[in-house]
Structure formats: structure tokens, C-alpha cells
Amino acid sequence: MQSNPKISFIGLGNMGAPMALNLLKAGMQVCVFDLMPQAVAKLVEQGASGAASVLEVVKDADVVISMLPAGKHVEALYLGSEQHGGLISVLAKNCLVIDSSTIDAATAQKVGKALATQGLRFIDAPVSGGVGGATAGTLTFIVGGEQQDYQDALPVLQLMGKNIFHAGALGAGQVAKICNNMLLSVLMVGTSEALQLAIDNGLDPKVVSDIMLQSSGRNWTLELYNPCPDVMPNVPSSKAYQGGFMVDLMKKDLGLAMDTAVKSQSSTPMGSLAQSLYAMHSLQGNGQLDFSSIFSMFSKHSNKD
Amino acid sequence: MQSNPKISFIGLGNMGAPMALNLLKAGMQVCVFDLMPQAVAKLVEQGASGAASVLEVVKDADVVISMLPAGKHVEALYLGSEQHGGLISVLAKNCLVIDSSTIDAATAQKVGKALATQGLRFIDAPVSGGVGGATAGTLTFIVGGEQQDYQDALPVLQLMGKNIFHAGALGAGQVAKICNNMLLSVLMVGTSEALQLAIDNGLDPKVVSDIMLQSSGRNWTLELYNPCPDVMPNVPSSKAYQGGFMVDLMKKDLGLAMDTAVKSQSSTPMGSLAQSLYAMHSLQGNGQLDFSSIFSMFSKHSNKD
Amino acid sequence: MQSNPKISFIGLGNMGAPMALNLLKAGMQVCVFDLMPQAVAKLVEQGASGAASVLEVVKDADVVISMLPAGKHVEALYLGSEQHGGLISVLAKNCLVIDSSTIDAATAQKVGKALATQGLRFIDAPVSGGVGGATAGTLTFIVGGEQQDYQDALPVLQLMGKNIFHAGALGAGQVAKICNNMLLSVLMVGTSEALQLAIDNGLDPKVVSDIMLQSSGRNWTLELYNPCPDVMPNVPSSKAYQGGFMVDLMKKDLGLAMDTAVKSQSSTPMGSLAQSLYAMHSLQGNGQLDFSSIFSMFSKHSNKD
Amino acid sequence: MQSNPKISFIGLGNMGAPMALNLLKAGMQVCVFDLMPQAVAKLVEQGASGAASVLEVVKDADVVISMLPAGKHVEALYLGSEQHGGLISVLAKNCLVIDSSTIDAATAQKVGKALATQGLRFIDAPVSGGVGGATAGTLTFIVGGEQQDYQDALPVLQLMGKNIFHAGALGAGQVAKICNNMLLSVLMVGTSEALQLAIDNGLDPKVVSDIMLQSSGRNWTLELYNPCPDVMPNVPSSKAYQGGFMVDLMKKDLGLAMDTAVKSQSSTPMGSLAQSLYAMHSLQGNGQLDFSSIFSMFSKHSNKD
């Protein structure tokens, strides 16, 4: 990979825009595109070159980064939709494609294999860390793909993130991310109901949180993201569950986990239960709250009074 | 509390015997009793004085420690069973009773309140850490009871354990312990199914364990007790699930958790599911294995071939 | 059993009062007692003789029927509480005790065995059918106890109920009832989520209810108690979930089921999940609604708007 | 629809072959195709005309019936795979396509809409009733599609089945079938654990089955398919779980249910739990047994001894 590659960035939403901005701040040449011209304009103000189409944005690109909502958008971008051909037919040989969208592993594999037939390189590199991490440049990237492609992508990814993992072959980034997030949902629900059980029996949630944190119940949610209001400062539970990682985004990731489990014929009783509970929580009107708000399903009169 | 109290120790099983031994090693005066005379004899060899009955063992005791299998045994010991009166009518005023059995909070509260009517002091102080921790003197004690009683018990508990928590009022030790262990069971099942989902999709369990450990899926089981064979050395999963914390003991604790949740009308979907899965795992003949063996429920052909 | 036995009826609540009334209507001699004198007065107006205490009400009784809220009340009534002795010491030899309370099987067995030591006969005979069935005399009784005692109780039970089952030995009535009600809760939740899944995918709930009713999804709730509003006339779901069998009563029965399952070390994943969902539904303020209102947990915006 | 339409039948597996045979027995003209020439030969012996390709089998067809394993096969057959075009370009205008495969509703809708653009008619008509029903001509068909197409298909479907339902628009047949089968799985698991809970508490499974059958626990499995061995004659549970509806087929249907629920953002906690339990049961080596064998997960020592 050359020292100052030309980077095309496609998808300038809540996550994509600050990621692209961090590349600019690091002095990279970045050409950007989004279906919303306003989003492109904002990045151009910060020093990016802007493009009016996907065909234009990838011209002479050494690296293409995409950050899109779902698998169907990624597939359409690279392989073409019914209406028109995709980037597969226009990218330069040896171009390195980094898709940071969170999508199903099957689509990532399908796109990657198709691009490979044209001599193009593809890695799936979904992120975690949210808008905060994207802005601060501290995202976690979980990469699936060839070792050499991972090595080549590393210097670029390090401009946007702090922890960069190589999970395995093509699609493994997506699999590892949804396994992690499925487990996270289980930790969050399990911690919530354990805390509420303690409260219902007269214990102070701060005391029991502290005890479990130093015992075998220790987990990431107790360490950094306690779901019970007023146990921990500056976390969503102490700010009326505003900010953070939205219930509807967790629901999306759990949907991907269920699709993956059905395909691989895996049994995931805890993950499936978490998926049903998050779907129910969203149906009850809480989709825009932080995902730690699942705690309120277990407290008395959570939705009434 | 005087500097060298007379301690009575009742219940010299797998846990009680090494706990009493640690008191002896620290130079305390300990009188011991167990229904099995052999168990008493072994401690006497180590310097304890032995007693032939519960009435004899508590004579002149400043502190009574009990380590019994279930709530009914604790209730019978202190309050008396149908056949005979309990220790409540023989203990000296101001005697400090430390019950380290894992029992239901309701029984702990019943016993403690009854003893209080006779001027006796009672704390519930269940432990975690297993036989290993009991032997090494590194147990965790989670105490429920009055602050002064907790303070007075502390020097004695520190001879047997490393982390001593005060969870709250009478019974709170039991509640905090079962909340922690219920959460632990959820962490174990959730981690197992996430790891197997990754494996079923072609990932290396070591790699995905490492990624989740550094991400939001981090939890005690990934840190210290990975359930997938050969990811971590010297844990039960790498020793055919021998040793450690038995499935049937986890099942017992989850039963206590369910009793507690029903009484307090709490909703514990994850804990309840874990309870059903551990009950099923035990029914399939795995009750004597370490509780991380629940991993095998999710792997292919776990019980056949 | 003589042709016109003297019957004592203890507990004249929503269920007990109409049950006692049906005995009176059939021309039986009934002496009644309740802690609320008003409840006694109402039955006296209908021809009962009234008593001012439990000791008075059971004088010369051939048959004692009790209908109380929970196991602790039944145990205290017959075996005595801390304050005073129970009926065990005053009932006439060979008296037949019929307890129709819904309580845990263990308490039923404890009481029955204790009474047997004094030559007294005891059957557990919990009912289903609700206030409507109690009033109409169409209750279902599920009896545990000796065959002869069941035979002797039959003519009395038939004055209050339509279907009388002999489930087995002492306690079996309670076990069979909570097994049935646990299964009922699973049918109700399962049917609710299947109907909502169909609705969410554009189907008419009447059409899909009809199809499942004639297919392998057929169950009691689809036959008689469809939880989706406006599919079936004159059921609680078509009357804003008023009337019927309250969520909090189902929650109580599921609590008994969990206690039973923990004691017998049984695995009940579906029943446990139903218990958690009904507890959650009650926490959200729906405890007084009919239990088919669980359907609303699965429909969009059930608690908001 | 003319009185003696030319019928093409594609897919002569365990289900398709006896279905086609029933059409022949009723005197219909049937041309058949399968990838296995032997399967074609067998039907030709019974009076069918045989074809060597899908293009040949549909020549001059008034009605096309397909019975294939999964959605991808149906899509490839009608819309064409990467290698070659599908039937969409060769079928005669107004031809009525009946797909009786059990597939996801989304694929059924995609295929139906595409065929409609070419003036072709399509209904999804999945069946239940198994090989037994296919052979006896007593299948249940659940149809999605236009009312007129349903009417036109009815005389043909009635030659192969007994109950023919019109569930709604295109795809509704698939949705209704998977809702029914998801509910069936819940009935089966719930009934199994309720029966085992009764057995674990000393009750006779025949007695408790009879009680629940006449009470609010009544459901199709208790009526016709009791999962406990030796309660009911001539059902799979009394024949070592041979025959009937295989665990792996239920697992497939539950996978389709999960896909559907994720797509429509529905919450299906019971169905999801059943899916996880059936996946686990299959992992333990029971995929070829009848689906009522899930009962054995709840009985003691089910896999050991």
C-alpha cells in the first residue's frame, strides 16, 4: 500500500461523516459521496473533495471505504442492483475495499468473493464504539479477510480507531461483531434483572453492583455501563437513557445474530430471548432510548403511573 | 469482641473442614462438631478440640460458625426441630452467630430475628470461591446483618477469606450471593452460545474470545473461566470439565434464586432460562461436572458419537 | 358418608361464598365462618348457620371445606400457628377435610399427613373455573387423596362443580392443577405471539385463528378464549380484558409451579418464561386485567401513544 | 379452469411423489419431472408421462405444481439461476402455478410478483400432514394468493388434500403455515414439560393427560399426539419416536419463523425458545426422530445410562 493512498468514502451518516473527518485531519486525500448532497458539502468544507455519484467518487481510488445501513445497500453498491451495474465493473485492479457497515456475513462473503473474481480486494470491517467513538477516532474495528489485506488496511483503520482486530477469513468480522453484540445484550439483560432482584429484596443497587463487580458476576455493563439509574455517573442510565447505543440498533444486530444462528443451525437460547425482549421493548415505544433502558422492563410500574 | 474468642465450628464438610483448619492455623481456639465423627477426628488431629454434640460444641462459645447444606438444617440447628430444642435456648447472651451456609434469605431472616429475641447476634455470611478458596483462605464472604456485628465478625472472616463484603441488613448476604450467582450462570450460558455461534461460522474460539474480552462482551467467564475447551489452560474446560463448581451446586443456587424471585414477584427471564438449562443439563447426567460444561449443550453431537 | 352431613365452610371470599351458597341451595346443612363478619352475615341470610370462630364453626362437623388464599393460611388453620393450636386437635375422628385452596403441594401433603396421625381424613381439591364457575356450580375440582375419601367427597363436590377428577395421592390435586395452569399460560403466550406474527405479516387474525383452530396449532385458547381483540365475541379480549382470570392470579399459580419445579428438580423452560413474562406484565401495571391481555405485549405501541 | 387441465408436477420426493400419484388416481393428465430419473420412472409406471427436463415438463401446461426443498430452489426454478433462465420465460400465459414447497414468504412473494409481470398466476400452497397425509390424500393446504386463483386451484388441491384454506394474499399461505407450526412447537414443548413436571411429582401421565385434555390445558398434542411414551397407542412416542414429523423438519420451519419474525420486527419469545431447544435437540443427535421426542429432554437420564 502506498504511503498516501487516494481514499474514497461512501456513506456520510452519523458514523461515516466523523470517520471521514478523522481521515482528513490525519492529512489523507479523501473523496466523499453520499445520497444527501448536504452531507457531501459539509465534508468538502473540511477539506475533502466531493463527488456527485458513486462512479465519480471511486475514480482512481486506492482504497474504498463504505459505511451503509444494511446488506442490500452494500450488495447494490458493489455488485449492482437490478437497475444498474455496481462498482465491481469500474474499480481499478488491486483496489482495497473496506466495508465498515454492519451487515450479515453471507452478504459480506458474497460481495467479497465476487470482487475477488475481478482482482479486487475486500475486507469486512464493522465497527463498535458508536458516534462518540467515531468522533474521537477510538472505534473498534473487527476485520474479516486475507491477512495481507488486513495489514494493508491497518494504517488507514488506525486513523479512525483504537482497537483493530483480525477475526479471520472473509465475513469473520461480521460474525465476531454480532457474536460480541449478542453476548453484550445478554450481559445487559442479565445484569438488569439481577440488580432489580436485589433491589426488590431490599438491597442498595450501588452496594450489590460493587459486590458483583468484584465477584464472578463481573462484566462490561457493571464496569462501564450500569443500567440502573444513579449507580454510575455519566452513563445513559443516569441521563434518562438518552444517548449511547439505541435499542433499535441493538435490535438490528440481534436480528443479524438470529439470521446467522438459523443459517448455521446453532442453538442460542439466551441470545434469542434477548432478541425477543429488545423487540418487545421497542414495540412498547422505547426504540430510540439507549439499550440499557431494558432495565426498566424489570422495575415496578415502569410504563405506568 | 475479645482478642482470642472461643469459636465453635459446626459442619465439617468439603467447605467447612478447610475453613476451620485456617482458623486453627491462625492460632484460634476452635471447638468443632459434625455428624460424622471421622470429620471431627481429623480436625482434632490438627489441634481443634472436638465435641460429641451440638450442645457440647457451643459451650462458652463467643462465636459460632455454621456451614450446613440447606435452610432446613440451619433452622433446625438454631431454632430446634420437631424432636428437640435448638441452640437458641443454650447460647450465651451476646454470642455472635455466623452462618456461612448458602440458604434462602427468608430462613436466614427467620433465624436471625428469632435469635435476636434472645439477645443473640446473627449474620448470614455465605461464601464463594469453592473448595480451592476454602483451602487457600481466599474465600469471598458476602455478609448480611448489623454493621456492628459485621465489624466484629471481620477479624474472624479475614482468617478464612480475602474479600469480605457487607451487603446490607439481615438476609442481604444470601440475596447478594444468589443475585451474583444467577448473573454468573447467565454469563456462562451466554458466553458459551456466543462462542459456539462463532465456531459454527468458522471462527477460531481463541481469536473470538480475545476480541470479546477486549470489547463490550467482556465478562468474568472470558477473563478467568473460558468454557470452550483448550482456549485457556488450567481451567475446568481444559480438563474435561473436572473440578471447579459443580453443575448441581449451580442448580441449587439457581433454585434459591427462583424462590427469591417468586417471593419478591420479580421478573428474571434470563435467570429462569439458565435455571431450566442447568436442570436439563443435570438430567442428562452432567450434574457432577463443572458448570462451564454447559458449553457442550451447544456443540454438535455433544452427547452422542 | 351419611346422607345429610353437617358441613363447615371456612373462607367466604369471591370463590368461597358462591360455593357455600350452592351447597345451601342443594339443601345441605352448612355452618360458615370468615374473618369478615359481613361475609358470614350474607350467607346466614341465605340459610346458613353462622359461627364466630373456627372452633365454633367445626363443631360436630362431618365435612370441613376450606377456601383460603395461600398455604400459610391453610397450615395455620389446621396445624396451628405460633399463637394458637389448629383444628387438628378439635375435629371429630373420621371428619373429612376438603381443602379447595390453591396452594403448594408440599403444604397440602404436610397438613394431610399430620391430620392422618389423628385419624382425620384430608383431600386437596383445588378448583378451576373462576367466580363464574363457582356461581354457576360448574367448577372443575382436581382431587388428591385416598380413593375412599375421594368417593366420599364426590356427592358434596358435585353440588359445586361439574367435572371432578381424581389426580392421585395426597397433593396430586395441587400438582395437576398447577401443571394444567402452567401449560395454559404457555398456550396463551404462544397463541398470542403466533397471532401477532401473522398480523404483522398482513394476515387477518380471524382467518389465521380459524386455520390454526383446524390444524395442529389447535388449543383451548383458540377454541374458547382468543386473546386477540374482536376475533371472538364475549371473551375478555373483546371487552378490554375485563373479567375472566386475572394476570395476578395466573402469576400466583406460576409461582407455585416454579416452586414445585425447583423442588422436584424439573426443567420447565416454557413455563419459566411464561412466569417471567406474566411477572413483567404485572409490573407494567396490568395485574388486574384478564390473563389473555398478555397479547398486548406483542402488539405495536401497546403501552404508549 | 378447464375440466381436464394438463398438470406438470416438479419435485417427486417423499411428499411430491404420493401427491402426484393421487392426481393420477383421480384420472388427471400429469407430466412429471425430478432431478432423479428413478423418481420419474416410478410415476411413469403409474400412468404419468415423464419429462427429461423442466422445460419439457411444462410444455402446454395449464397448471404447474412444484414441491421443492427450499426457497432458493423455487426461485431458481421460476426466475432462473445464474446459469440459466427460469420457467418465467417459457410458461404459457394464464398458466396457474401452485408452489407447495414450504419456503419463506418473501421468496414466495418475489416469485409471484415476477410471474405476474408476465401474465402468469401464482399461489403459495404449503401443506401439512406429512407423508401419511400425502399418501392418503388428506393433506392440509394453506393458500396465499388471489381469490380467483385460489378458486381455480381448489379442484386440483382437493384431489390431494382434505382441508384447503385461503389464508390471504400472496405469501399468506407460507406465513399462516409457519405461524401454525411455530405454535405447534410451543404446544409440544409446553405439554412435554408439564407432563414431566407431573410425573416428577408422582402423578400418572395418563391421568394428568386426561385431566388437562378436559381442562384449559387442552391442545392438539394432548388430543392426538401425546409426547409421553405409552400414554396413547399408535403415536410416535409409543414407537420409540419413529415416523411422524422429524425434528429437523420442525427445526427448518422454526428457522423460517425466526426469519419472518426478524423481518417483521415481531417479538416471539416462546417460538424463539422452541427454536433453540429444537436446534439443541438436533445437535444432540436426534434430528431424525419425531418432533415429539423433545419430551425426552425433560426426563431423567434421557441421554445417558
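Going by the order they are written in, the chains are A, B, C and D; count residues from 1 in each one.
Keep this in mind: a residue touches a chain if its C-beta (ideal position, glycine included) is under 8 Å from a C-beta of that chain, and two chains touch if they have at least 3 such contacts.
Given the structure is predicted, the values throughout are model-derived calculations rather than measurements.
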| item | value |
| --- | --- |
| Shared chain contacts [chain A and chain D, defined touch] | B, C |
| Selected pair, greater C-beta contact count between B-C and A-C | B-C |
| Distance from the mean Cα position of chain B to that of chain A, given in whole angstrom | 40 |
| Length of the line joining the C-alpha centres of chain A and chain C, rounded to whole Å | 51 |
| Chain centre separation in whole Å, for chain C relative to chain B (CA means) | 38 |
| Contacts with 2+ other chains: residues of chain D | 261, 265-269, 273, 277, 280, 283, 297-298 |
| Residue numbers on chain A that touch chain D, as the complex places them | 251, 255, 258-259, 261-262, 265-269, 272-273, 275-277, 279-280, 282-283 |
| Sites on chain C touched by chain A in the complex | 269, 273, 280, 283-285, 297-305 |
| Complex interface listing, chain D residues touching chain C | 105, 128, 140, 142, 163, 165-169, 171-172, 175-176, 179-184, 186-187, 189-191, 193-198, 200-204, 207-208, 210-212, 214-220, 223, 225, 257, 260-261, 264-271, 273-274, 277, 297-298 |
